[in-house]
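Order as written gives the chain letters A, B and C; numbering starts at 1 within each chain.
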Amino acid sequence: MPESGTRRVVVTGLGAVSSAGIGAAEFTASIREGLRSTSPIASFDTTGFPHVHAGEVHDFDPAEWLRRIEPGRWGRSSQFAASAARLAVADAGLQENDLAGSRAGSVMGTTSGESAVIEQLVAQWASDGLKSLDAGRVAAVPAGRIAAAVNSELGLNGEALTLATACSASNYALGYAYDMVAGGEADYMLAGGADSVNRWAHAGFYRLGALAEEVCRPFDANRSGILTAEGGVALLLEPYDRAVARGARIYAEVLGYSVNCDAEHMVHPDPTSIAACIRAAHRSAGVTPEQIDYICAHGTGTRTNDATEVAAAREVFGDRIPPISSIKSMIGHTMGAASGFGALICCQALYEGFLPPTAGVEDIDPGLGPGVDPVPGTARPARPEVVQNHGFAFGGNNAITVLGRVA
Amino acid sequence: MSTDTTTALTPEQDAQLREIIIEVLELEADELTDTSSFIDDHDADSLLAIEILARIEKDLGVTIPQDDLTEMSNLDGVRAVVVRNLGSGEHA
Amino acid sequence: MSTVTAEAPAIHTAAAVSPLAITAVGAVTPAGLGLEALGRAVAAGLPGHAEPPVQEDETLPPRPVRAVPDLKVAELIGRKGTRHLDRTTKLALVACRLALDSLPAPVGGGSTGVVLGTSTGSIRSSSEYSLETLRQERPYLVNPSLFPNTVMNCAAGQIAIRHGLKGVNATLAGGHLAGVQVLRYARNALRQGHADRLLVGGVEEFCAQSAWGWHQSGSLTADAAVGEGAAVLVVEPEKAAHAAGRRVLARVLACETGYAGRGGLAQGLASVIGSALERSGTAPAGITSASLGSTGHVGLDRVEERALRTALGGRLPDQVVRVKESVGECCSAGGVLQIAGLLGLWQREGAGSARTAVVTAVSRDGQVGCVVLDAGSLAG
């Protein structure tokens, strides 16, 4: 029997470092317009790769955003995470001392940790052998530094936890942060995720036949796969009562979440297990399927994902599947940060009143069955009350969060 | 079908294909026949199917479109796909 | 640049914590397979097996090695479907097998979950995959079946698949803090009903990449060995263990973490040990044992000892365990191995001695943590 938290938990700050812009406002504006922000890869030499597009953050200068940590000592994913967290705190209207003097911590998700750092070391290994590894870069390798960077940057003295449950990791992080705030273990938590574009994942996804050439087109009959991407995202969580007391802008309330495991296959998702996860998330949030107004899909852009995700939704919602869209159609698959960006856009959808679109949908795949509404093109004005955010991952790690509008 | 396609493969290439499949699917040599199904008879999943494709591309220097995977459901199917792509595809 | 305050604010609103029961242990270490082997090595101060599991053409840095002698993969995991598993996953699978086999009866997979600590996943798998993209004629001529090995949650996913465990499946990139973090995560997951019981562990493989990484980093003393290992605990609510008639080997009374920032590590660790003692309802004088995590780390080992003395009123407990003297530096497996080392030792001591221990962890970046546990029916 789940033990529900004693405090209501709300999101009062949003931070994003993404190909669609730096800062939650820029990111949201780009998504609402349905702009595709993926582009030719610049971070590694793509010679020999048939497909060369990804969602890179080309114009990110960490020194512009970080005030306390020294960018050179940290990897790219840590820089993304710390910058996004810094932005979220500013967005929440909090001063540094508000956090440093409270019980505050961070929990960040990732798929490949500091993969860009690892690839710098692999380059050293390839040219001069393992004995040539650079000590400074070696120190930047552990994935646990992603949350550590957030705590160091913001002077937080609470927990610094990095969850490595691959592509659903940010949802895992959001769920854990919610529990910590609800249960009184923490007063503020930053939850989100970060990942960096890297060569090995690009090669691996291409080899699996899962990599799109130029356009990621979830739910479309002519979809051809994912685009790898990168970025950092952070949501600031605090108790509802405190947010109200300090007159904070409340984007959304975290209503509940669920996590489970397919235990079937490393790379093939299982609709029945995902449906069970959705139902458990609804129970946790105290809502029924009829109350869900929108699904922020995992929506990677592969045929397998679309078929599985829609089948799972159909098991739970029957013929009334809520509008279901994928922001990966615009920013690509940001891996461990993906469900964090999903959660961020859900918060904005609830606060500003819109449904995020799926870009590039021309023909909704008839194979998905009737009643699939991927909100094609640009954002649709709406007043969603309760939304759910999907994250699935390698290893069958499913995590679903439920967010609601605070009147 | 097997007669047509095997004639276009050298005996070395054919042996290579067999060896790749046996290794990837962790089979005893006599378990693999021309028509035994990778999925139904040998417990293959799609990841192993892609591994077979990848190994063939690498070891035989041939490029195989991912769409051909569905045809590569048994040894004869693999032969047909390889012959077709050896003939038309670029050579590494 | 201001320094971070190391003093953790007092905990007022957090609820009292109910103890978690450890009902099984699977230990795979350079001392051999099983808890007994580890207990024997720790009791006698024996170094573990010193032959590295290297591949051809690999050279290793000039420093001692500790490695698991024989994983018995075929016997303990099976023959089929193990070809693509990397060493990290094999170590974790064997540790789970040993833990589950030591339970009196099988437990249901539907309500069992996994919480596993790592630092980078298998750094051999990811870096070799990356190297392949540079070395192959075309960069995408990589093996698709090895791709899952490059993802950090590979071992946890494989454990779930092989044992049909459908509960929460989490991988925590905790590095040296992983031991404390997995127990904290487990405590919350059980409280939230994400599973009825959890396999909680840590795993780290020895490989040339990490051996050179440790060597080049300069963070280990010259004589510190690079090691490997995995330890997995079966953890469940104490009531559930009693109801099912499973023996409680030890009880986790508290697991607290904090972040001290650079310069405030000793004070931060002392403070988090203090919080852990308070939340466990244990007086400093009641601590009989300590299991240390920073053995062999330049500077950090002294920070850890100083913090422990501060928190315990100037003394160290009578029983101080340094498991790394036997297993070497095991990074993210270290924390759970610190616990396994204690349990192995207590098992040898047998009934009669009431034991309560602190298990400490500290990272250079600023993470600090402490677990408090007492002996269950091992020594009670």
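Note that a contact is a pair of C-beta atoms (placed from the backbone, for glycine too) under 8 Å apart; a residue touches a chain by one contact, two chains touch by 3 or more.
Source: prediction; values computed, not measured.
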Chain separated most widely from chain A, comparing mean CA positions: B
Of A-C and A-B, whichever chain pair has more C-beta contact pairs: A-C
Gap in Å, rounded to a whole number, between the CA centres of chain C and chain B: 44
Interchain centroid distance [CA atoms averaged], chain A/chain C, Å: 28
Whole-Å gap separating chain A and chain B, where each centre is the average of the chain's CA atoms: 39
Touching two or more other chains - residue numbers and ranges from chain B: 47, 50, 54
Multi-partner residues of chain C (at least 2 other chains): 138, 141-144, 148
Junction residues of chain A, two or more chains touched: 207-208, 265-267
Touch list for chain A against partner chain B, complex: 207-209, 265-268
Residues of chain B that touch chain A when the two form their complex: 45-47, 50, 54, 66, 69
Of chain B, residues touching chain C in the complex: 24, 26, 47-48, 50-51, 54-55, 57-58, 92
Chain B partner contacts - residues on chain C that touch it in the complex: 80-81, 83, 136-138, 141-145, 148
Parts of chain A lying in touch with chain C, wherever the complex brings them together: 1-3, 47-50, 68, 100-103, 105, 110-115, 118-119, 121-123, 125-126, 129-131, 133-135, 138-139, 141-146, 148, 151-152, 155-166, 172, 176, 179-180, 183-185, 198-201, 203-208, 258-267, 273, 393-397
